[in-house]
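Below is one structure; the comments refer to it alone.
Chain IDs A, B, C, D and E follow the sequence of writing; residue 1 opens each chain.
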Amino acid sequence: MTVEGLVPFIVALPLAGFVITAAIGKRLGKRSHWIPVGAIALTWLIAMLVVSTVLQGDQSISVTLWQWIPAHGVGGSPDLIVTAGFFVDHLTAVLLIVVTTIGLLVHVYSIGYMAHDAGYWRFFAYLNLFMVSMLILVLADSWLVLFVAWELVGLSSYLLVGFWYRKRSASLAAKKAFLVNRVGDVGFALGIMAIFLDTHTLNIRDSLGLLAGPGVLPGGLGGPIPFPIPVAIVALLIFAGAVGKSAQFPLHVWLPDAMEGPTPVSALIHAATMVNAGVYMVARANPLFAAAPQVMTFVAAIGIFTAILAASIAMTQTDIKRVLAYSTLSQLGYMFASLGVGAYTAAIFHLMTHGFFKGLLFLGSGSVIHAVHEEQDMRKMGGLRKKIPQTYWTMLIGAIAISGIPPLAGFFSKDEILGDAFKNGFAWVWAIGIVVAVLTAFYMFRLIGLTFWGESRVDKAVEPKIHESPPVMTIPLWLLAIPSVVLGLVLSWPGPPLGPLLGQPADAKGLLATWLSPMFEGAQQALGRTEAAFQIGGIDGALLGASVAVAVIGVLAAWRLFGVELGPIRGRQHPAQVQALTARVPFLYRASLNKWWFDDLNNVLFVVIGGWVATAAAWFDRNIVDGIVNGIGAVTRRSGSGLARVQTGRVQNYALGIALGLLVMAGSYFVIAGGH
Amino acid sequence: MTLDDLRTIAPFALAVVLAMAILLVDLIRPGNRNAVLATALIGLAIVAAATVIVGQTPGTAFGRAYTADALTTFLDLVFIGIVAFTLLFAPDYLEPRGLPLAEFSIVLVFAMTGAMLISAAGDLLVLFIALELMVLPGYLLAGYHKTDGYSTEGAIKYFLLGSFSSAIFLFGLAFVWGMTGTTNIADIASSLGLVASGGAPFQPGLAIGLAFMTTGVAFKIAAVPFHYWTPDAYQGSPTPVTGYLSVGPKVGAFALILRLFVVALYPLREDWMVVVVVLALLTMTLGNLVALTQTNVKRMLAYSSIAHTGYMLVGLAAYAAGREEGLQGLLYYGAAYSAMNLGAFAVIAALQKRAGVTSNLETFAGLGRREPWLGILMTLFLLSLTGIPPTAGFFAKAYVILAAVQAAQAGNAALGVLAVVAVLNAAAAAFYYLRVVVYMFMREPQSEQPALRHGRLMWTGLAAASILTILFGIAPGALLDVVIQAARAIA
Amino acid sequence: MTGPILSLVIFLPLIGAVVIAFAPTRWARNLALATALATWVVSLVLAAGFQAGVAGFQFKEELSWIPLFGIEYKLGVDGLSLALVVLTTTLTWISILASFKPIQVRIKEYMVSFLILEVGMTGVFLALDTFLFYIFWEVVLVPMYLIIGIWGGSNRIYATIKFVLYTLVGSLLMLVAILATAFTYQAAHGGAWTGAFDFEALRQFAGTGGFSDMLQLLAFAAFFLAFAIKVPMFPFHTWLPDAHVEAPTAGSVILAGILLKLGGYGLIRFAVTLYPNAAMTYAPLIIVLSLIAIIYGAWVATVQPDLKKLVAYSSVSHMGFVTLGVFVFQPQALEGAILQMVNHGLITGALFLLVGVIYERTHDRTIAKMGGVAALMPIYASIFGFFLFASAGLPGLSGFVGEFLTLFGTFQVNPWAAGVAAFVMIFGAVYLLWMFQRFAFGEPSAFLAGLRDHLHDLTPAEVLTLAPLGAMTVAFGFFPGILLNLFQEPVADTLGAVRGAHAIPIDPAIVALGVGFVVAVIVVRFLSLRPRADASGTASGAIVPAEGAR
Amino acid sequence: MRAWLYLIAFAIGVGIVMTPAILVFILEGGNVDDALLTAFAALMLLAGIAVVTMKDIIRCGLAMIVCFIALAGIYVQLGAPLVAAAQVIVYIGAISVLVLFAIMLTQTKSGSSQLTFQTQAGWAGVAAIVLFILIGVAVGGTAWPTLVSQRLPAATHDLATKLFSDYVLPFEVVSVLLLAAVIGGVFLAKQEAPQAPTLDWQEPEPGTRLDSSLGDANG
Amino acid sequence: MADTLNTYLTLSAALFAIGTFGFLARRNAISMLMSIELMLNAVNLAIVAFGAFIPGLQDRGAVIALMVMAVAAAEATVGLAIVIAIYRNRKTPLVDEYDAMRR
């Protein structure tokens, strides 16, 4: 069997897992995880096979399944033939690694995490459904198939966030997630239509080829030839989809609420995979964006704004998962900033590293929550370091990674983003990015400090029952911790920053860059964003130093305030100081605590005003539209009873009526006669 | 008077003889219902046969006072049918109330002779006397339940206003005679041709004559604003009589219109068309609007019959506007309306077999459960009256509307308005017809009464009426040919 | 396949109805189901014998009926009608099966009504003679009137009479238009009636520009009114919520599933092809109304307190896509619109079945009283959710393809309209998900907890009614080509009709007059509003206060 | 006192009838025919007005007879003596007597006509006057097509021939009509046996509305 | 008073108007009946007048008048029968009290 033949199985296996589990999972009870987990394991194997083939060779794989929508045109208008097919190139391959690996680990982790849940089988069915959707998303080779997957991941997210549907907050969060996503999807859908209008094809590669600027891809037309829908508009519409799915400002509000879902879901969907879909899509559509540089700037602005906004909120949140959620927002903001400045490879790099360490952090937080019996408020934790050491150490690794301390993964990717931003003339992006880096390091260690260090604030009743999670949960943690440590190194080797430092040629490319740069070269050249050789002693060194410095500053600040217990080092927590600090900037503190009031704004704008609009519409419908209908009926009826009054029952009245009629008749005949 | 004359008037003469025969039978076997019925029905069959046979060879008799043509044949058959139906379902109503069948049959047959004579009249005097022969028995029949206050009240209202209108009609007739100097219909037409072509002035005397005549005729067909008698007379009359009154004199009066307006006043058709259009508009609209508010089914059907007059007038107007289809539609409508309306009244009569049962809507509550077949048949008739396909009422309505639309497209905008108003009216009419259905099928009966047993004749009549109602809707072809022949005879 | 198979499809239910009428009542259910299934099988045989991608009508039957006017009994099927016929036969047997339990009184009459209803519906789709079409069109009315009026809810009489009157007003004007059209044809053919009611002949005649602009404007308006009421299009939709709320479950299924499609079918088959110039002229207005229907329907649905009303308003919104798709005159949009009709039939039909299930168990449909259904009836809630997402246009299910194609096609010619319509992706999801959250999620409400004993999960029979719909929803989601290939020829034909058409210039004064009239009516209505004690404003019963009150 | 009043009224009546006749006689130069016609016309109209205005219905009936007699006179003037004869026989001999009988039969002791006129008498008068004016104007404005200046000679013989040749059909039909009227009339006027069922009808209070359910459906 | 057609027709019109007035204004059924008789007589007058002045109707006028008289007689018969019948029910000859049926 060729590799091509294997590609469909990447989707088919989880699909089969979903169908089977949904059908008979209930009967399998506690054994119901075997099929879905097995399916994902197999998928992982196949995916790795495919990935290695693709990444080693230089060709991509294209698989056509069936003609999905054969909507023919009439009289010269273009046919709309959508083919359901898969396409694997380097970018997809990279994504496949992230999705299948983390997916598999989360599946395994869930065996332990969900063990006591009544909806055990249901959970695995949903998870498999998500995997199906997500894999279609990365494999799609048609915009419409991509959109299908786009929506399906939304559905899975809805199902999984609302998994504990008896909880009102969960069902509300699920609904909110779906609806906010839909807002972006409207733009995305319109963008797809615009693409067809411009290019008469929905194949991703073909259409991008046509939309791209002349310098971006051979045959690209984007610039000089006016399309019916300008490229910039197309790009904006498409970007709207990304904003929704990746929870960028102003559609970021759903992601923190989505933490109502079970923690493995947060790890898989809301950290490692689904939320990255927007990044993936914009990266995939790089020729299109390259043809509209002003949109690129917009993307960068949105990204970096989201990054600082979310980071500022994460500073003060007390729910452990919410901190992570805002952190995710913030990191996604980095990625978009990166995309916006033209550093596509860096964005994907960060996507990968972030996927692993954020997955790790979420799973770790799940383990914590599990340990303290479904408590998520960090104010009721503390001092857990000893009681759940494995969780502690893995989470610490994750925190270091995300804070950008070398040589862990986060450092490499984040540094690359900031460096590229600066070098490509986006100094403001860099500047804000640096601030975000400080904040990131700070709130991550605040989280670690509040959770693991210091005195225990755990409920007395729960305290004795705290226990480390079973191996089926901790092993995935460790498996994720490994890439969190080494992935940056591996993927950037032998390129910068470490390669030149260790004697590799200055223009050597890292592993990931080798894989991906062919995909982005055209766009980058068109944008004039050539990557100059790495200068360790020059500007690059300075930027690198700055990155590391700010990360350390952030960590130290958190350390100072929230105490540290790192092996022999013992610090103390200073709640009073924290309070004093917050009291000094009351507005900022409240803004952060209240998430800059976005939820309230949304509530007023959409729930309250929307409710008014809908109520008014219903009133209008009842009283005016239907009222006119009923009014016509009533008028008819009333005129009927009015006319019936003529029928008095008295013959003389009737006769008088007849006589009057006779007179009128005679008069009319006179008129008629006069007309002759 | 020659033998040919006798042959030509044979249907009419036989009908008169039939009336005498029933009288004789009743004298010989007093109170024998079956003998009377048998005589009447067999007699009617013979008259019908004679009509058909004579109808093969059109001709005139008594100078030109009696004209037998395809129209005569068609209308005669309609009248015979109407009377036969009435006789079929009358006994079930009359008997429990102690009313004799013999006089009823005799008077009814006399009325029929009048109607038949109208359809054959070639002379205005004959026309007038025939009209009186048709309506006078109608007055008597309306008051036939002479101990019943409603019946006599209806009768006296009907009689007084009817006589009033007869006098008006006659006055108009006199002036037209004076104007044209002849009583013969064909001669009048040629005389008026001069007026129409501008060869003679349109004299005020003629205008007065036409106005009075139109008024008289409008009264007879119950066109608004000359309709006042209809609701009271219909409601008060014994139900079989109402059934008869709602179709017999109406079709008869339309026959009068055909002979008088369509033939005699043909040259002036563009003039009276205006009047007919206005009358049609008023008639349809008022009939339907007032019917909406009625709670007595007989009275409601009275208003509905006014509305149907309006639809028929649409056909007449279309004919006046130059479309022969209008005339065909009118004739078709007459036949279809007779079948369905008689059917509806037959059901009411059947319900009233138990004396003391009113015709209020409440009577119909739960009928669909108590007596499903009656309910279903009533629904059929009501749907037909509404004009829902595939029933006779639908095709008839479509026919007159077709004619109006044709006239409208030929440039007569008034007919277009008429067509639209007609269909809007039809939609409004659905409300009150369907309300009866609501009562029958969607209401529970107020008191559980045992189902009545209805006579075989009643069922026969109902079956025949329903078959015709459906037949005229599904396969209008057969009737169409006849109608077109009939229309061609005068158009 | 030879023989009058189309007649068989149409009249087999009639035979069944007659048999049931004379058979014992206890056989009525099974006989009706058997008849409906047999009809279904025949329609499948028809579908199997149908050749997609062949232009024109197939299986034509032609019989002279009223030769005097050239009226014929003429039937034929093309891809468009085939899809709708099969949908009809399918939904009919499902509805009959779904009625076994809820309908306990006057079973015989019910089944007879249902089968006659089927006669009318298939007849409408298959008739190729305008007169015959009209007859079937009206035949549909009566059984539905009875079904709502006899087996409906508490305010059924108001609802059913409103339904009939509203529909009649439109259809009777259509009759005038049919006659006017026929007469124009006749007049242009030297007074010969032959072909004057024959759709194909008329279609050809229309193609040669035979119908004058004035006739087109008026006749199209009449046709459009009839169809718009049936679809139903804003602002002619208000009969629909009332009818749905009062109709028995199966009645709602057929009402939403098929009856609304009659309007869409009529627009595509007759209104657009016979009067292309008028269609072009009115198109902007219709597009605007469609957009209003799409968005406004969704908004109004959001705050409906009754499950059925919510689904009913969602129909208004969904059917807006059909009219939108038809009147942008773009192939993909038209294909999408037709597909949307089929999908809406499947999905909304299923939703009504599902609402019927809860109603049967609780005798209530008020969303506010519900809650936590998912906990009590998990399978039910899952299936409900499935169809809910199908209704919201979730990709992979059939609803998506139709909606998307419509939007897609619209975008190609009118991006702004598509932009507006696309917002239904949000609003549609809002009302469905909000309803589902209140209905299914959370802890069981006190009301439902009290009825716990009655709230058993779906029975096999209920699953049997829903399964085919679900299967088709999935199948057409993944393989819409099955249907789209059928639609290709009809779409080409319809668009061929409008290709050479031009919009008729309308005097702005007339437009202003029309707008002024509408505004005046609204203002008058507004001024005549009196503050009412019951602000709830449910069916005020202005048409039939007496019945409404009792 | 009463008798005087009657006498004065009679004198006024005779005066009204005779004055125009005498005036015509004088003015027209002694044409007896014209004077007679005028007298008959005046008598006819006066009696007619009496019929429709007098309070006592029996007197109305008597006035009607007077009116018919005057009319018969006019017929004679018009050269239609046969019609005049028929008028006397049919109207005065049959119809009027019939009417008088009916009056006798329907007068209750108390229930004579207290109110002669409907409330709409004013309107009725207006309508009647307008009607008269309309017809009068029409008559005046009409040039009768084949009018002869002089009255045509009457020919009773021809009349009989016509009656039994051209008009035999109407003649026969009229007899049928009379037969039908008599059969039906007898049935209606015949007193039923007292035990005859009158189930649909309950005796109401005079003048009350009979059936409240006849009112409109919803108030 | 001139012996012309117009004279007789005007007389006829006057009598007709009087009859109409009576019919509209009287309450008693028999009075109304009498009014109708007046109207019919008015018509007869017109007919006879036409017969006397218009050649085409010469002699026919009289025949028609006779027929009308017969019709009037029949009408009177029927009418009086009905009046008697209703009088038995209602015990009043006043027509305006026969208003059980209205609207």
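As a working rule, a residue touches a chain if its C-beta (ideal position, glycine included) is under 8 Å from a C-beta of that chain, and two chains touch if they have at least 3 such contacts.
This structure is a prediction, so every number in the text was calculated from the model and none was measured.
**Student:** Applying the touch definition from the top, give me the chains sitting in contact with each of subunit D and subunit E.
**Tutor:** Looking at subunit E and subunit D together, the chains touching each of them are A, B.
**Student:** In terms of C-beta pairs in contact, which two chains are most connected?
**Tutor:** D-E
**Student:** So, what's the distance in Å between the C-alpha centres of subunit C and subunit B?
**Tutor:** Between these chains, centre-to-centre, one finds 41 Å.
**Student:** So how far apart, in whole Å, are subunit B and subunit D when each is placed at the average of its C-alpha atoms?
**Tutor:** Once rounded, the distance between the two centres reads 31 Å.
**Student:** Report the inter-chain centroid distance for subunit C and subunit E in whole angstrom, where each centroid is the mean of the CA atoms.
**Tutor:** Here the centre of subunit E sits 63 Å away from the centre of subunit C.
**Student:** Mind pulling the residue numbers of subunit A that touch at least two other chains?
**Tutor:** As it turns out, subunit A has residues touching two or more other chains at 637, 641, 644, 647, 649-653, 655-656, 659-660, 662, 666, 670.
**Student:** Note the residues in subunit B that touch 2 or more other chains, in rising order.
**Tutor:** If we look for residues of subunit B contacting two or more partner chains, we find 125, 129, 132, 136, 140, 143, 146-150, 156-157, 160, 164, 168, 178, 180-181, 201, 203-204, 206-208, 231-232, 235, 293-294, 299, 428.
**Student:** What positions in subunit E touch 2 or more of the other chains?
**Tutor:** 16, 19-20, 23-27, 29, 32-33, 54-56, 60, 67, 71, 74-75, 78, 81-83, 85, 88-90, 95-96, 98-103
**Student:** Over in the complex, which subunit D residues touch subunit A? Could you list them?
**Tutor:** My answer: residues 118, 120, 123-124, 127, 130-131, 134, 138, 216.
**Student:** Okay, in this complex, where on subunit B does subunit E touch?
**Tutor:** Going through subunit B, the ones touching subunit E are 125, 128-129, 132, 136, 139-140, 143, 146-150, 152-157, 159-160, 163-164, 166-168, 170-171, 174-175, 177-178, 180-183, 231-232, 235-236, 293-294, 299.
**Student:** For the complex, which residues does subunit E have touching subunit A?
**Tutor:** Touch residues, subunit E against subunit A: 20, 23-27, 32, 95-96, 98-103.
**Student:** For the complex, which residues does subunit E have touching subunit B?
**Tutor:** Touching subunit B from subunit E are residues 16, 19, 23, 29, 32-33, 36, 39-40, 42-43, 46-47, 50, 54-57, 60, 64, 67-68, 71, 74-75, 78-79, 81-83, 85-86, 88-90, 95, 98, 100-103.
**Student:** Of all residues in subunit A, which touch subunit E in the complex?
**Tutor:** Going through subunit A, the ones touching subunit E are 641, 644-645, 647-652, 655-656, 659.
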